[in-house]
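What follows is a pair of complexes built around chain A, which joins chain B in one and chain C in the other.
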Partner chain A sequence: MAGIKLENLIKSYGDTRILHGIDADIADGEMIVVVGPSGCGKSTLLRMVAGLEAVTAGRILIGERVVNDLEPSQRDIAMVFQNYALYPHMTVRQNMAYGLKIRGMSRAEIARRVDEAADILELRPYLDRKPRQLSGGQRQRVAMGRAIVRHPQVFLFDEPLSNLDAKLRVQMRLEIRKLQRRLGVTSIYVTHDQVEAMTLGDRLMVLNKGVVEQFGSPIELYERPASVFVAGFIGSPAMNFLPVRVEGDAAILPNGARLPAPARAAGEATLGARPEHLTPDEAGPVAVEVEVLEQLGAATLVHGRLEGTQHEMTVQLDGVRAPEAGRIMRFAPGQLHLFDAASGKRLAD
Partner chain B sequence: MIENRPWLNLFAHLALILGVAIVALPIWITFVAASHEAARMMQAPIPMLPGGHFWENLRATLFGEGLSGAETAPVWRMLLNSLVMALGIAAGKIAISIISAFAIVYFKFPFRMAFFWMIFITLMLPVEVRILPTYEVVSDLGLLNSYWGLTVPLIASATATFMFRQVFLTIPDEMLESARIDGAGPLRFFWDILLPLSRTNIAALFVILFIYGWNQYLWPLLITTDRDMSTVMISIKQMLEAAEQSPQWNIIMMTALLAMLPPVAVVIAMQKLFVKGLTETDK
Partner chain C sequence: MLKRVHFPASPLPYLLVAPQVLITLVFFIWPASQALWQSFLIEDAFGLSTEFVWFENFEALFHDSQYLASFWRTLVFSGAVAFLSMSFALALAAFADHVGRGAGTYRTLLIWPYAVAPVLAGALWLFMFNPTLGILPYLLEMVGYEWNHHLNGTQAMLLVILAAAWKQVAYNFLFYLAAMQSIPRSVIEAAAIDGAGPVRRFFSIVFPLISPTTFFLLVINAVYAFFDTFGIIHAVTQGGPANATTTLVYKVFNDGFVGLDLGGSAAQSVILMALVIALTAVQFRFVEKRVEY
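So, the complex of A and B:
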């Protein structure tokens, strides 16, 4: 088993720089989720670790070994692709066995490993089928099986669940997590779905335009987002942001309401409040003019505007509530975040 | 159309029967002529029903000296020549073009696009256009009257390379990447993955190229002077001209019938793959 180390990893296509120096230290057996908006370079990063893209500058270490110049097959990794990339003309068994066969493993050992993987993934009944005779979820499992049989040091996943329907996605998400725990293989998992990221990762790397915005545990990212970008990306529904003026201990909202400032600052700043951290309170300082309600059953989302301004706000209430549109609701703030107005960086508490 | 009207059905069937009759009539007459004595074919009206000399004519055509009085080889020999040429052209073209398509699609090498365009340009140079220089080369190499001379110049062409290039471009990149992670080198990838995935296309191309090779006329005519090397297509033409007396229709028609069989056999044998190869899109 082995950890992964990325040292100032840079990728350029011609003059366009896609990744601007990524550093990461991934412990043995850890599962890292790389998350970010489309086009931020997630796949590129993963493919560099896999050896499918050349490294422009920097180093990649797997275990103690610098793998920059090694072929993918020599890196002791396994990758699960978004479209699975199963060989259409081979049966499930042959698909899983192909890599082992090339390595010159004995037939008995190949059979043992394929059977073992088939048991783990409940693929036994399908071993002699071709990929096109399988459902999406089953194909996904075959792709996983192909990774497992290699007993690699590292698993790489590139949005492996995005072709599945919502229900199956939740189920497979849990399976991947359990499997990874059970096998204890160091993993990098790429997704743009923040729920997937929060539930799967030991740690999350939030990538924005080829730069790491924050790298930490899901709770750390949720409770102490390092920037407006991370704060808006992690958590659903997304955090509310309001421009404020900080005077001493108070943050003054655009409509003049005063809140306790969560950090030391002076002048303009951005205040962040999660929808679930605002609680209804007749005497609360935050007044919201209700516009639309979304009843989710377990919760109610209130969409509206900060009273007297055009700033949109979302509040999440427990259970079923029915405040009327047009009414003013007042809230008391719980946890608040303060960010620099210009750079978007978190201001020290 | 799921309409079910009797008169419409009748009309459709009549139209189809008429079409089949138009196509089948010449073949039927060929067959009938091949089963009568030579003399019977010269009397009007020509017979429309088969006679009783089919096997006799078949034996005379295959093993006799073809046409009495003419300088042609027995027809089995010419069928064999045609077969070797057609198979050689089909197999050679497929082998060369699949390898060059592999190189063009999957490898980055200097002047890759230049080579691509060079191959492309040969599309504009079918045998008929380059026939004199090609003859010169083949004759200098001493390949006249040989199977090599018959096949090699016809193998070089670009159409098949293009087709394989298109086929390879439809195979997702991830397939190659997956194979790389599995440790397959270029040749293994070619052998284990590309070839099986192109199976139906190879079959379709084989059918087309076999018929192309079988029907070659001008080139074999030019380079075979030895009667033991001539092909069946040439011999039919020669039989028509060679006869000083009136043409021996029974033998000529039997030869034509025999010449039709191999392409038909290839089409029937490969029909399923052939249709798949032309229509299948998902990889």
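So, the complex of A and C:
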């Protein structure tokens, strides 16, 4: 078992810089989720740790070892790919045994490990099938099995659930979490899905355009997002942002309403309020003109505009509510966030 | 109820397929039936009388030790050509699959030999190996090996095999490269992470996954070696020395146009025809089914 350390990791393709100096210290047994929109460099980062992409500058350490120049096979890692990357001509058993056979392990030991993994993943009945005879979820489990039989120091997951349907994704997400806890293997998990990120990670690394926007626990990211980007990316439905003018202790909304400023600032700023932190209040300062309702059963999403402006707002109400469209609803804000208007960085409370 | 779309009867579809049907009739069906008919006939040496003899020509063939020897020779020749050109093409494709920069140029250069006509290919190799003028016999002589394919049957065979295989490498290369590039990158990467080096990856992952292509090429190359190598043999050895390079297709030509045994020659081409039909049937039956990714 070993932790992972990234030191000022940089990746360039020619003149195009993909990653701008990533630093991270991942503890032994920790599960880190790297999350960001497509093209942010998260897969590149993972592939660099795996040894499938060369490092332009900086260092990668697994345990105490610098692995920059080691082959993927020498890094003692296992990777689960988005398309599973199973060997199509081999049975499930052969797929899992391949890496062990190459390492020259004895037949008895290989059989023991494969059986052990098959039991954990409930793959026993499928050991003699070929990948094409399996469903998506089963293939996913075989890919996991191929990773765990090797008892590696590090698991790398490259969007492993994005080819599954929604229900299976939720189920597999839990299984991956349980498995990782049980085996206690240091893991890096890459995804673009913020729900997956929130539920799986001990800590989240939010990546945007090759730069780490924030690196912290899911709750930290939710409660104290470091930037407008993180605030908008984490949480569903997404946070509402309004341009405000801060005067002393008050933040003035575009329609003139005054709210208590959550941080010290002067002049222009961006105010953030999560849809679930706005509570209906007849005397509340935030007035929203209701346009569309989305009934989710457990909650109701109200989409509208800040009264008298074109700024879109979303509010989440508990249970089934049915305010009519066109009506004005008033809300009292709960937790508010204030960001610098130019840089998008969080302003100190 | 199943609804079917009906088009008004029109002569147009028949007109549109007519050219293809006509070409097939004139250039394939007619000569083939002529050959079949001819194979039942024996003509006298001056072409004055013709006798219908049923299967006498075929019987004679299968009792002719020369014909049987040529059958065996053709198998060796085809096997060697297919193996040589396919394994060489496979190696080239495996390398090309790894080339990043200049891959386009590399591929284009490798495809060129395919554009060379068989007779020209034969002539090229003939000059290179000419016992008196050629560069290679000259070099071989320096290491004490005497090359003369005009006298040595084994050397003659080797020469036509080399020439025929060389010409087919480009074709095989194209198919192998395409097959390799259709293997998902991540499967190769997974094998690399599992600890397999390039050689091991090739034999345990890549080669099994391109086996449908190998099978397809095997049939194509066999057909090529059986039939399309006439030009090369004619240019390089004319079947000699002492019939050492007389394959089945060359013997058809030799017996028919040189020996003027029209019936016997026709019978041989009917046998060849049956072979092609069998190979094509095998091809359709198995290749279509065995593709798996």
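Note that the second predicted complex is superposed on the first by the 349 of 349 C-alpha atoms of A that agree within 3 Å, B and C clash if a C-alpha of one lies under 4 Å from a C-alpha of the other, contacts with A are read in each partner's own complex, and residues count from 1 in each chain.
One rule holds for everything that comes next: contacts are C-beta pairs under 8 Å (C-beta built on N, C-alpha and C of every residue); 3 or more make two chains touch, one makes a residue touch a chain.
Everything numeric here is computed off the predicted structure, so don't read it as measured data.
Taken together in the superposed arrangement on chain A, chain B and chain C clash. Legend: residue contacts after superposition of the two complexes on their common chain; A:71 is shown touching both chain B and chain C. Contacts of A:87 after superposition on the shared chain: both chain B and chain C are touched.
When the two complexes are overlaid on their common chain A, residue A:21 makes contact with neither chain B nor chain C.
Shared-chain residue A:3: touches no atom of chain B or chain C.
Note: residues 50-52, 71-73, 77-79, 81, 83, 85-89, 98-99, 102-103 of chain A belong to the chain B contact set and to the chain C contact set alike, using the contact criterion stated above.
Residues of chain C that touch chain A in their complex: 184, 186-187, 189-197, 200, 204-205, 208-209, 292-293. Here chain A touches chain B in the complex through residues 50-52, 71-73, 77-79, 81, 83, 85-89, 98-99, 102-103, going by the rule given at the top. Residues 50-52, 71-73, 77-79, 81-83, 85-89, 98-99, 102-103, 132, 146, 150 of chain A touch chain C in their complex.
Contact residues on chain B toward chain A in their complex (touch as defined above): 172, 174-175, 177-178, 180-184, 188, 192-193, 196-197, 199, 283.
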